[in-house]
Structure formats: C-alpha cells, structure tokens
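What follows is a group of structures, each given as structure tokens.
In what follows, subunit A forms one complex with subunit B and a second complex with subunit C.
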Partner chain A sequence: MEKLSDLEYLKLTKAQKFFYRLKLLITGFPSWLLGLGKALLSFLKNIILNIKNEFLDIFLTFKNGDFKTKLSYLFMGFGSIARGQILRGLLFLIFEIVFIFYMISSGTYWLNKLMTLGTKGPQEVYNEKLDQYVMTYYDNSFKILLYGILTIIFIIAFIYTWRLNIKQNKISEAIIKSGKKLKSSKDDLRSLVDDQFHKTLLALPLTGIIVFTALPILFMILIAFTNFDANHNGYSNALFTWVGTSNINQLVTWTSGSSNFSATFGEILTWTLIWAFFATFTNYFLGIFVALMINKKGIMFKKLWRTILVMTIAIPQFISLLYVSKMFSNNGIINGWLMDWGIVGLDSRIQFWENPTLARIMVILINIWIGIPYLMLIATGILLNIPADLYESAKIDGASTLQQFQKITLPYMLFITGPYLLTSFIGNINNFNVIFLLTGGGPTNQAYTTSGGSAGYTDLLITWLFKITTVDSNYKLAAVIGIAVFVVCAAISLFVYNILPSMKNEEEFQ
Partner chain B sequence: MSMNNNEKRHMKQSTKNRISNTVIYIILILMSIIWLIPFVSIVLQSFRIESTLQVGYVIPKQWGLDNYIKLFKETSFPIWYLNTLFIALIVALVQTLVVLSMSYTLSRLRFKGRKFLMNFMLVLGLFPGFLTMIVLYTVLKDLNMIMANAVPGLILVYVASSGMGYYISKGFFDTIPRSLDEAARIDGATRFQVFYQIIMPLSKPIVIYTILTAFLGPWGDFIFARYISNYNSSGMNVAVGLWSWLQKDTIAQKYTLFCAGGVIVAIPVTILFMCLQKYYVEGVTGGAVKG
Partner chain C sequence: MKKLLSVFLSFLMVVSLSACRPNEEGSTESETTEEETTEETSEETTAAEYSFKVWCADNVVDLTKSQLDKFATDHPEYALTFTVEAVGENDAATSMITDVEAGADIYSFAQDQLARLVQSNALAKPGVKASETINAENDASGIAAATFDKELWAYPLTSDNGYFMYYDKSVISEEHLGDLTAILEDCVAANKTFAFEGTTSAWYIASLFFGTGCVSEWNMNGTDIVSYNDTFNSEEGLIAAKGLKEIVTSPAFTSSSGADAFSANPAAAVLVSGTWAYSDVEAVLGDNLGAAELPSFTVDGNTYHMGSFSGNKLIGVKPQTDAEKAAVASQIALYLTGEECQSERFDAVAWGPSNKKAADSDAVKANPALVALAAQNEYGVPQGQYPGAWWDIGKAIGSAIFELGADSTDDDLKGVLQSYSDSLASLLTVDPEVARAWTVIGSVQGGDWSEDIEMVEDPEGTWTTADLDLKAGEEFKVRQGKSWDANLGSDGADGANFVVEEDGTYQIQLVVGDDWTAGTVELIKK
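Here is the complex of A and B:
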C-alpha cells in the first residue's frame, strides 16, 4: 500500500483518514510481526551472549581471586566475613545453609515427584488391628505441584545469590586493591533508609504480590496442562497428572453441534465483548453528557444533583445491585407498579430476568445506573480543565453549542481519557459484581449446561470461571478460561497501544 | 437598526437558553428520581412488618422496627457486621502503607529493574484475580484460615496483592516537583527523611483517598469472601451473608431482613464517603487522567 505524504493525508476527509489508518494497521501487520520476530531473535542472542559472559566472569574471578574469593565458591559469604563485612557474609552463609538443609530434607523429594505429580494414589489397605480394609492416602498431587514449583524457584534464587556472592568478592577485591575502605555493616544498614531505600519499601509489598498473585497464577497456568478436576482432586479420590495440551485443544477445536466446550466458550466470549463494549461506551458518553448538563452555566443546585448521583458509588454494590435485581423480579416493585397502572396483568408480568435478550439489555441499563456517577466525576474534573478561551473564540466564530461539543469538548475528553477507556474496557470484561449480583449469570442456557459448566446467557468469562470453580470444581477448565481471559485482555491492550499514537494525531485540535 | 438586531438575537438566545435549561432541569429531576427510587424503597421496605415476603408495593401497610430488632437478636448479622468492620479497619491501615510505599518507590526513586517491575505487574493484572483463589484456598486451608476462621485469611488475601493498585497514588506523587527531593538531599537528608518529612505532609489528599478506598473495598467484596468463608456463618462478611438471604429458598423469610441489613450497612459507609467525598473526587479525577 502506498504511504501518503502529510499534505495528502491532511486533505482526506475524516472517514477516509480512518480507513487509511485502519489499512495501514492491517497492511503493516506482517512487518510488525516480522519486527517482533527479529526483536525476539536478537533478545535470545543477547541472552546466550550474556550467559557466556557470566560463565567467563565466574571462571576468571576464580582464577584471579585470592584464597578468600576461592573459598567463597564453596562457602558463600566466606570472603565477605574474612574481609570484615560480617553482616553481608552471615546473610549469604545462612541462606546457603537453609538452602542445603531444605534440599536434603524435602526439596529433592518434591522435585522427583514433579514429573509425575505422584504415583501412589489413595487405595484400600488391609489393616491387621481392625481386621478390615481401610482407605489410605499417599501422594498429594496438589502439594507436589505447589512445592515442586517452590523448590525450582528456590533453586533459581540460590543460583542468583551464589552469583551475587561471587560478584561481591570481585568488587571487594578491586576496592581493596585501589586502597579504599570497604563498607561496614553499619553502612549497609544505613543505606537501607538511604541509597537502598527502594529495597526497604518494596520488600513487603513485592513479597505479597509474588506469593499471593504471581505464584498462584504460575501454578494455575500449569494446572491448565493437568487433569485436575472434581474426579481427580489429587488426594482423596484420585491423583491428577500431566495431560499435555488436551484441555487447550478442547477450547480451540471447533466441532459442529452447539453442546461442546469450544462453542460455549465462543458464545460466552462474544457476549463478554459485547457487554464490555456497551458497558464502557454507554457509561462514557452518558457520563460526559450528565457532567455537561450539571456544569452548564445557569443550572442551579449543582451540588445537590452531584450528591444524589454519587450515592450509588458510596453504597456498597452488593446492596444496591441485589436490591435492584429484586425490584425487577416477577413479584418485584416494577412489575407491581406496572400491574397497578394496568399496563400488564398478573399473567403477563414482564419476566426481566427470564428472557435472555431482555436480561442482557437490563444488565447493560442497570450498569449505566451504577456507572454514570463515576464517569460524571471524572468528566467534571476534566471539563473544568479545558481552557475557557477555547470556547470564547469558538463562540466569536459563531460555533453552535453542538459544534463546540464536537470540536472542542469531545476531542479533548477522548485525548485525555484514552488510557482510562482501555482500563475500563478491561475492567468490564472482568466485571464480576454487576453480572453476578444482578442475574447470577442466568437465565440458564441448556446448551451451555450440557457442555461442562453451568453457565447462563448473561454469564461473562469471569462469572463462568467462578461457577466452574465453585459449582463444578472443574479446575483444569477454570485455568484454561483464566488464560483465555488473559490472552483476550492482552491482545486488546496491545492493539489499542499500537493504534493509540495515530489516534492522538486525530485528536489534535483543528 | 443594528442595535435592534443585536437585541433580537439576544432575546432569541435567552429564550433558547431558558428552554434548554428547562429541558436540563427536567432530565436532572427525572434522573434524580430514578437514582433515588431504589434507596428510598429499600429504607421503606425495611420498616414493613406485615410480611417478610417480597411484594409489589413500596409503602408498608404496617410500620415497625421488628426487622431491625430481629436482625440483631435472631440472626448472625452482628457477627458478619463485626467481621467486615474488623477486616475493613485492618485492611485500611495495612493496605495504605503497602500502596503508598509501592507508589512512592515507583514514582520517585530510580533503581535497576523499575521498568521491569511495572511491566511485570501490568501483565499480572491482566489475569483474572479470582484465578489465584483455587491455590490460595488450599494454602489457607492448611493454615486453618478458611470457613469459620475466614477473617484473617481474607485480610491476608486483600492486603497481599494490594501493591498492584498503585497507579492512582503514583500519578499523584508524579506531580510533586522533584526539585523538592533534590534540595533536601543536598542538605543531607536521607531518602527516608525525604519521604517522611517532605513528601508525606504534601500528600494528605492521596493518603486519605487511599485509606478511604481501602476501607470501602472489603464492604463490597463478594467473590473472595464467598469462596473463603464457604458459607460458614461465622466467617462470612456482610456481602456474602446478605446475599445468602436472597436465594430461592430463603428470600420468602428474609427479604425484609435483607432490606434492614442493607440500610444498617449503607448508612455509616455512605456518611463516611460523603464526608470524604472531596478527597475521593480528587483521587479519581487525578488518577484517571494520568491513567
């Protein structure tokens, strides 16, 4: 495709510009992929080179070092202690002792079992005392996998620390050779509130994130390659084991007929994306609209309007959403009023939550009720920041209110809230509360139910994941869905980040 | 002549303005009604004592405090309420420390691996958080922190991952001029002193915002609380407890109790929120703009 010059590009109409950019994006995709491949290749090359250098350095440090350095290869921290840096040396030494002790006492056990996730499942064993067969439990696949991962991470950490300990020796030798003094233990401690303050601040938060988020996610990614479910819970009924990519195959192979896992996944994914789209953009535009109304010159009681709307943010969602959900149920207030007004009869009450299409529309509408106040606050903050002289000069030029909105307000808003729109879209893909509290995923879809997972018409991937975990205990599929959610979110983020720079050009003021 | 024209235009514009203002008032009043109906009706329903069923009218036929008395005397609601309050207080304290140290470090200190760390957390954030629950449940079970003892388990889960929500306060710290730090550093202050004596006093709005959101979070959490407490009554929070009252087999007896419970939960939380609204708005608008 021919690339247009700037002048030619500016001559295009808005629609033409958009299609031009879209074409650029699509035709540019192969070269983008190629670039990515190249970057990956050079990245690998770099890694290999780095590893080579590391080994060379380890070797040279050993060859050129004094006996303190040489002994440190076996006893971590020996060099530091011998050179007077007691605190550092002791920490290294303690780490080594703990590591060796752990590996001997249990580490090797978990590592050995990791390949099979356990060989001896629960079985009936004859008990002489009781004179009968008793169910006896042996291996625990779940723990083997968990401690196996932990052991591998521990080993990596040990190798890293060992390398650090060698580097430390090299640096210390160089410092001593140049005639300077080494840092004392007191200096080390002091630096924790000074040069190394980031380590102090990050220690606790990062430990939390690694132990409670990163590790569990790594674990669940691995679970996607096992047959961990209600019938193989890894301990009390049967062990689970590695099954390769069969779970993921189930997701991506498309067989005909509607009652299979991949079809169900496809339909729920489609609805999730439709939901996220509407939930994000209805809130966005209506929120701006409401903010504009409240902030218009001459409108009184601004604070009152704002406070009434903000109440939906203040009141916990489980109260407001659960109550609203019941308001729309068959014997709820809405149907009660409609009957009082003679619009519907007792037999023709509107079944808001039983009709799939109606239920889907209702969740989007009620989400507007929940979402507008939030957007109204954000939009108000931004609107107040738009330079007033922009509007003044527009007025002098004779621009109507609508034109002002089109040419000034909207571009400015879009420009500033671009990243927010992306995060809010991702947030809506994972919007558990609104769907689960309003409909619980219902109404039930028979086709979904037969294919592993008690999902309904309004279920998002995230609520489906919740149900598959809590109702069906089908952990392997839950893991697969979790990974799928990640892939979808990552793909959308990458896509938006890649067209965002060109979007920004568009949003310049004209 | 031209004066006349101008006047006419002015007249036309002011009538136009009046019409558009009237339309706006009508829309705003309608919106206010829609926004308030659920809240007004839940309060009215909580005073309805002629039946515990869900009904199709708002104004009670018989008024009374029976639901509230029953709520505190005959149900586990007080336990749930204290559970949630306790969790919220601890989380507000610890999470604020975690989030502030995380965001401060990433905003104002430069060190090796900073960029990597931020990308790492960005990628982690794209996984659904609930996915971690399957593992954490088993681990917490071994630590005896589930079911009846769910409260410490829940605190641990909320606090441990809270460092990932650093974006908004980082956005705030980014706006404080760096020259302040540098001047203090030249005067010999350690990085800790800069943090504690210079940045913190300037950061009151974001500190209050962080405390407020951390405190409100546990009141609304359903997904983790439901999974960890696993329907054990003494380990539930208000969200799970009140949710369990609206299920098919309980709603006939508990509907008005739910309304009363909802009111009891909402009132203090709402008052707190309204008092600190200013800081919330500051945090939300500032944070959203910077992403």
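Here is the complex of A and C:
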C-alpha cells in the first residue's frame, strides 16, 4: 500500500485517519510475518553455528592443552586443582562425583521409566489370616514424570558444567602463558561479595524460579501429552502413559454435534474475552470518573468518600462476593425487598443468576463494584500529577471541561496506565474469584457438556479448568486448556505490548 | 563467579534429587513397617502403634472422637492415635481422589461417590468375614449402596440419604399434600417459594423421571462403562420433562435444598431435601413443620407420584500397604458402623440407621423426617452407581427446561432429552484405536468369552495374534473394537464360531479385504 507523507496524513479526516492506520496494520501483516520467519531462521542458524563452534572449541582445547587440561575431560576440576585453584577444582569434582553417584543410584532408573511412565501398576492381594485386601504399589507415573524431568535437567546442568570446566582450563592456560597469576580460592570467595555480588544475590531467586515456576510449567505441558485422569491417576488405580497429541487434537478438531470439546472451548473463550474486555474497561473508565468526581474542587468530605470506596477492598472477596451472590438469588434479600414493596410479584422475581444473559451482565456489574476502588486509587495519584499549567492554558484558550478531559486527562492517563490496562486485561481473563464465587459458572448450559466435564454460561476458561480438575479429575484436558489460556494471554500481551505508546517512546507524551 | 554459581546451583539440585530415591520393587517403605509390626506382635509385650486420619461430617466430629476413644480403650492391644477432621461427605470423595496418598485412612462419604472412589482405588474392600458381618447386620439398601460391580466396597453408615418434602403447615393445607399443582398454587397464593433443586442437581431432577417409570442403570466394569440402560429420552421421559417444566416455570420455583430457604425472603413453603436438614428446618418452622412424601404430578390427565433416589452414607477405608494396619482400620470401620455407634448417632444428630437393630428402635420410628422418608422410599429407586459425568449431564435437563421457559413446546422438551441422551452416548465412545483394532475372543486360552486376545497389525493390514496354545474343540471368533457390531466366524460376518480341530501352537491371522465382511481368518500352525 502506498504510504502517505505526514502532510497528506494530517489532511485526512478522523475516520480516514483511522482507516488509513487500520489498512497499514493489515497490509503490514504479511511483511511482519515474513520478518518473523526470517528472524526465526537466523536464530536457528545462529544456534547451529554456536553448537558447531562449541564442539570445535572442545576439540581444539583438548588438542592444544597440556596433560592437566586433557585429564580434566575425564576428572572434572583436575586442571584447576593442579594449577592451585583448589576451591573451584573441588566443586567441579564433587559435582561430578555426585552426578555419577546419582545417575547410578536412581537417575538411570527414572530415565529408563520416563519413556513408558511405568509398567507395573498397583496389585491387590488377599491376606487370609488377617482377612484383609492389601495393596502393593509399584511404579508411580507421577513421580517418574517428575523425577524424569529433574534428571534430564540435571544432565543438562552436568553437560553445561563439564563445558565450563573445559573453558576454565583453556582460560587458565592462557593466563599462565601470558605470565599472570591465577585467582586463588580466596580471591574467588571474595569476588562473590565484590564484583560478582549480583550472582550471589541472584542464586536463590533463580533456584526459586526454576523449582517453583519453570518446573511446574514444564510438568503441566508434558501432562497434556499423557492420559493422566481419574481413570489413570498414575499411582493408586492405573498408571498413565504418553498418548501423543490426542488431547490437543480434541481441542483443535471440530466435530459436529453439540457436546464436543472444541466447540465448547470456542464458546467459553469468546465469553472470556467479552468478559475481560468489559471487566477491564468499565472499571477503568468508571474508576477515573469517580476519581475525577472526588478530586473536583468544592467536593466536601473527600476522605470520607475515598474511605467508603476503599472499604470494598478491605473486606475479603470470599466474604463480600458470596454474600452478594446470596443477595441476588431468587429468594435473596433483593428480590425479597422488591416483593415487599410490591415492585415484583412472586412470578416476576428477577432471576439474576438463573437467566444466562442477566447472569453475565450481573457479574460484570458486580465486578465494577469491587474493581472501581483500585482504579480510583491509581487514578487519584496520576491525576494529581498532571501539571496544572496544562489545564490553565487550556482554560485560557477557551477549552470546555469535556475538551480538557479529552485532550489532556485521558491521553495522559492512557499513556501512563497502558501497561496497567494490559495486565488487568490478562488478569481478568484469569479472574477466578468473581465468577466462581458469584455464579459458580452457572447457569448450566446443556450444550457445554463435553468429555472434559460440563460448563455454564458464565464459566471462564479458568473456572472451567477448575471444574475439570476438581470435579472430573481430567488433568490431561485441564493441561490442554492451561496451555491454551497461556497461548491466548501471551498472544494478546505481545500484540498489545507492541502497539502501546508508553512502551515505544517514553518521551512521546506531551 | 558464573562458574561457581552454576556449580553451586547444580549442587543444590543434586542434594534435593538424591533425597528421594525410587522404590525398586514395590513400596519399600511399607515392607519395612510390615516387618516391624510383625516383630512387635510376635513379642506381644508392646502394643502395636497405629495412627489413623479420620474424616467425618462437621456435626459428628465430637461424637466420632468419643466413639474412637471408646474403641481405643476397648482394644488395649493396640496403641491408637486418631486425627479426626471435619470434611463434608462430598468434599471427602474429591479430596481422596485428588491425592489418595495424603487422604484419610477412614472417611465417610455419600453413596453417589462410590464409583469415583473405586475408580481411583481410594477404597479397600472389606475382607470376606467383614463382608459377612456387614451383610448380616445392615438393611438391603445399605448393602446395595456399598456394592459396586457385584462386590462390597464400603461400610454402610446411614440409610437416610434420600429426599422427601418439608412443608410449612400454615401455608400448605393438609388435603393438598399429594398434589403438586395444588401445592404450587398454595405457594403462589401465599407468596412463598417451592424450593426444589430442579436446575442444579440431577439427584433431585431424576425424581420426576423415576416417577414416570424411566430408568437409568449403569453397568460399570471397574473404571469403564460397559453398557447402560437409560430411558429418560422416551415418551415417559417427555411426561417427566413436562412435570419438571411445571415446577421450574412455576412463579414459586427456587432451586435450593438448604434449610435456609425457609428463612429466605421470599421464604419457602416447601423444601425438597433430606433428613440432614431436619434440625435446621425445625429451628425455623417449629410447630409448623410438616414432613411428607413427595407429591404426585398430573400430565395430560394422568397422575404420577414423584419418585426419588433412596441412598446411604458410607464409611470407606483407604487401601493400606500394611496388612495389620488394614485389619485394625477394618475393625474400626465395623465398629463405627455397628449398632451402638449408629444408635448414638441417631440420638445426637438424627441420622437414620442402616443397621437393622438400630433402626428397630421406637425413637427412630417416631422421627417425622424418617417417617416421611420411609413413606417416600416406597417410590424410591435404590441409588446404583453412576459415572461422574451423569450428574453433570443430568442437571442440564433442568437448566435447559428452565431456560426454554413456560411457552416451550413438546418438541423443545424432546430436544432437551435428545441432547441429554446424545451426551450420554458420547460417554461410551471408545478410543478410535480400540474401535479399529481386531481381537480374538472365545473359549481359547482358558478364556470364557470375556477377555479379548490382542492382534497386531502389520503394514499390509494383516492382523496376527501371538503364539497361542490351542486345544481341539475350543471355539473362538474374531471381532472389531471389542464389540459384536463387526465380527467374523467360520462362515463370514456374524457366522458360526471357529472350532480348533487339533491341539497345537497356532497363530490366528486375519487378512482384511476391501471391506471387513470380506476378511479371511486363518489358523497358522507353528
């Protein structure tokens, strides 16, 4: 598409500008894809090249190295110890010993079993003397999968350390050749609190991230490729095993008929996105609106209003939402009052939670109630930060209040809270509390009955996932949904992150 | 140093890894404990020490504690410690299934959870002698409830897990009691609700279907659904659906089964619930409390009495790896479900006993809730085993009918039932791999036509078994997908059985033609 010059662009009307930008976005997409492909290709190329270089380096170090270096290939740390770097050498050596010991004692066991995830399930034997059926448990697929992954990570760590050990030798040789002194063990220790202090600090968080974040994610992804469910719990009834992509296929193949997994997923995903959109933007704009109202000059008892609003945050959602859920039920206090006042009759009670559309509207409305206070707090801070001279000069130029809001307040807010909007959108996709405590996903939708369990009109992917795991114990499909949720969130985040002005240029806002 | 750091990290990992080793043969942990305990019992000087985690409903925690203490004093030969935790009957099953290892040793649960628990192997079968005791002491419904796949899996705790109708005597007139339409009219006239879990629970919804004579029976083989007979999608089912429509589209309808419905606003005049709600309902209604069997509903001039599930609460014992401990657990479960404990439980919280002697007392016979339940049980269907998904699929009938509203047609209702039966059918769909595979079944290899012998497919599409020792006179057939829809006999599709003529080692081979009916089966002698 032909690109307009700045001058031509400025001549366009608002609508034309919008369409022009939209066209740019769409026509730019193929070249964006092409660029992505190219980047991936060069990335792969780099990796292959790197691996080649590594092997070459390992080979050359061995060829050119002295006997200390050569022996280090077999006994890690030998070179370091022989050259007087006892601490480094010992750590390398201990690591190697522990690795070999681990691999012999249990590592190979887990690795062997990892291919099948276990072959012998639990057995039941009748003990006549005691009149008891006694279980003997053999393989445990769950543990095999977990420790199998750990063993693989350990092997990778070992290979990495082994490579380090070789590099170490090469560097030491070079240092000795140049006539300089090697770092002593004392120097090494000192450097940990000195120039290498960042590594000391990061050691614990890094371990934490690997153990508590990376590993569970990897584990969950792998479960999507097994048949881990109520019938194969891997321990007490039957072992689970690898099933390839059959679970993922359930998600992507569109079979006819109402009770199928992919159709239900599509419907629930659509509602999840609708919900996230409204939950985010209603809160956002109403929050700003409330903050503006309270900040307006001449409003009395500002602190009182703020306190009242913040009270909603202070009460745990578990209590307030469950209570609100009761209030709006068809024999709850709201319908009771309406009946007492003669506004509705027994037959015209408002079915807040039983009517699908009304239930969806209600969850969005109640979410506004609990979401506004947060936004009000954030907005208050930002609003106070907008330079007052902007408003003064606007007033002198004769701008109306609405114009001031449009041209100064809103752009400023959007610029600063762009990243917040993104995170709260993602947060709302996974907003378990509000949905689950208010409606529990209901009302049930007959069309949402699938092999993975049933769902209701207000179910989000996350609450559906919860039901699949806890009610139906269908962990394999839950893992698939988990991955799908991740893909959706990641795609949205990447896209929005790339078009947010606040991410592009911090100086842009004027 | 980067190196130091990575070495350090790896070291940490190694320590954590080597902290847990695999059990090479079986559960080594249990073996050692078994040894220890046998030693101890042979010496007979110190009491064998066992600790049990027990889960029971919130309102009987204290009672259970004192009962367990009594058991401990009665059995000085064991040194017992108990941890009693309040875990509701439905949560207990879910928690057990989520993590059997960490679950309770002895726990109570509602009967409908039995299939799931057996499926997860969270239950140990009572021994042969214990089973005899259970069979002798409990009523038929209790035994049926604890039975799954023809075997006893649990200890009946109560015989009151059914539902009936509580009503407010000041609203519902005595002569209207048997008539659903009149009751609903009374409710509307008084601006009160009719609380019935018609959109949120298959357990209650089934009441109308059972009333018209529909059945839903499931034949489970361990973890698999073998077959089912469900007639909800039928003429009778349509009648029931109309009855359900009358309830859920009534202005008075509220989907609830909790006693708090009577104190809600608008308050309920009728609550369909079970004995567990009795004390709470009594607290609200006082002298106005009435309890009765469910009413009849009228469709097209015919009257149908609402049916119900009659069910039980059960006590389950987790499978143990230590036989001695399992024996003690079994004794405790027997004690907790025995006459003495059931009577105590009735006195304390009015749970209806499943134990025949305990149920025979005058006090039990005078409890209005239990009397109403007994009357309703005349129309009750003993609750068999249902796959977990059935409860989800079933409740959708109610919510769909509610959504259609008062002006839905018969065709709409038929659509709902059709969708229900489609969902059930999809539960049976087998893995496509299994559906395509051919197997041999027959009296060969000591089988009795119950076990399929696998065949392996080669790239040309020929299916072959492993080497089989066959005896003269043994018969077999070759079938696909472990079902009889496609099967081959000696004279082709659906033909007579193959008969082995001579003893020997054979392979059975199937060459599938363009169409399975043209397949040829051959016995290849080795």
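Quick note on the criterion: the second predicted complex is superposed on the first by the 477 of 510 C-alpha atoms of A that agree within 3 Å, B and C clash if a C-alpha of one lies under 4 Å from a C-alpha of the other, contacts with A are read in each partner's own complex, and residues count from 1 in each chain.
Throughout what follows, a contact is a pair of C-beta atoms (placed from the backbone, for glycine too) under 8 Å apart; a residue touches a chain by one contact, two chains touch by 3 or more.
Please read all numbers here as calculations on a predicted model, not as lab measurements.
K.L.:
With the two complexes superposed on chain A, say which partner A:274 touches: subunit B (first), subunit C (second), both, or neither.
P.N.:
In the superposition, A:274 touches no partner, neither subunit B nor subunit C.
K.L.:
Which partner does A:100 reach: the first (subunit B), the second (subunit C), both, or neither?
P.N.:
A:100: touches no partner chain.
K.L.:
Is A:470 in contact with subunit B, with subunit C, with both, or with neither (first, second, both, neither)?
P.N.:
In the superposition, A:470 touches subunit B and subunit C alike.
K.L.:
Counting only touches as set out at the top, which of subunit B and subunit C does A:206 meet: first, second, both, neither?
P.N.:
Both: A:206 reaches subunit B and subunit C.
K.L.:
Applying the touch criterion given at the start, work out whether A:109 contacts subunit B, subunit C, both or neither, answering first, second, both or neither.
P.N.:
second
K.L.:
Just subunit B (first), just subunit C (second), both, or neither: which does A:231 touch?
P.N.:
second
K.L.:
Could you look at A:374 and tell me whether it touches subunit B, subunit C, both or neither (first, second, both, neither)?
P.N.:
first
K.L.:
Could you look at A:335 and tell me whether it touches subunit B, subunit C, both or neither (first, second, both, neither)?
P.N.:
Both: A:335 reaches subunit B and subunit C.
K.L.:
After overlaying the two complexes on chain A, where does the subunit B footprint on subunit A coincide with the subunit C footprint?
P.N.:
Residues 200, 202, 206, 329, 331-333, 335-337, 339-340, 470 of subunit A touch both subunit B and subunit C.
K.L.:
Would you tell me which residues of subunit A are touching subunit C in their complex?
P.N.:
That would be residues 88, 91-92, 94-95, 98-99, 101-102, 105-107, 109-110, 113, 122, 124, 126-127, 130-138, 143, 147, 150-151, 153-154, 157-158, 160-161, 164, 168, 188, 191-192, 196, 199-200, 202-203, 206-207, 230-231, 233, 235-238, 257-259, 329-333, 335-337, 339-340, 345-349, 354, 356, 442-447, 449, 451, 453-454, 456, 470-473 of subunit A.
K.L.:
Applying the document's contact rule, which stretches of subunit B touch subunit A when the two form their complex?
P.N.:
Going by the criterion above, the answer is residues 17, 21, 24-25, 27-28, 31-32, 34-36, 38-39, 41-42, 53-58, 98-99, 101-102, 104-105, 109, 111, 114, 117, 120-121, 123-124, 126-136, 138-139, 156-157, 159-164, 190-192, 195, 216, 219-220, 222-223, 226-227, 238-239, 242-243, 246, 251, 255, 258-259, 262, 265-266, 269-270, 273-274, 277, 280-281, 284-286, 288-289, 291.
K.L.:
In the complex of these two chains, what residues of subunit A are touching subunit B?
P.N.:
Contact set of subunit A toward subunit B: 142, 146, 190, 193-195, 197-198, 200-202, 204-206, 208-209, 211-217, 219-220, 223, 290, 293-294, 296, 298-299, 305, 307-320, 322-324, 326-327, 329, 331-333, 335-337, 339-340, 369, 374, 377-378, 380-382, 416-417, 419-420, 423, 426, 430, 432-433, 436-437, 461-462, 465-466, 469-470, 475, 478-479, 482, 485-486, 489-490, 493.
K.L.:
Which part of subunit C faces subunit A closely enough to touch in the complex?
P.N.:
Result: residues 1-14, 17-18, 20-27, 30, 94, 97-98, 100-101, 116, 119-122, 124-125, 127-130, 187-188, 191-193, 195, 199-200, 223-224, 251-252, 254-256, 261, 264-268, 319-324, 326-327, 330, 388-389, 392-393, 395-400, 402-403, 416, 419-420, 422-423, 426-427 of subunit C touch subunit A.
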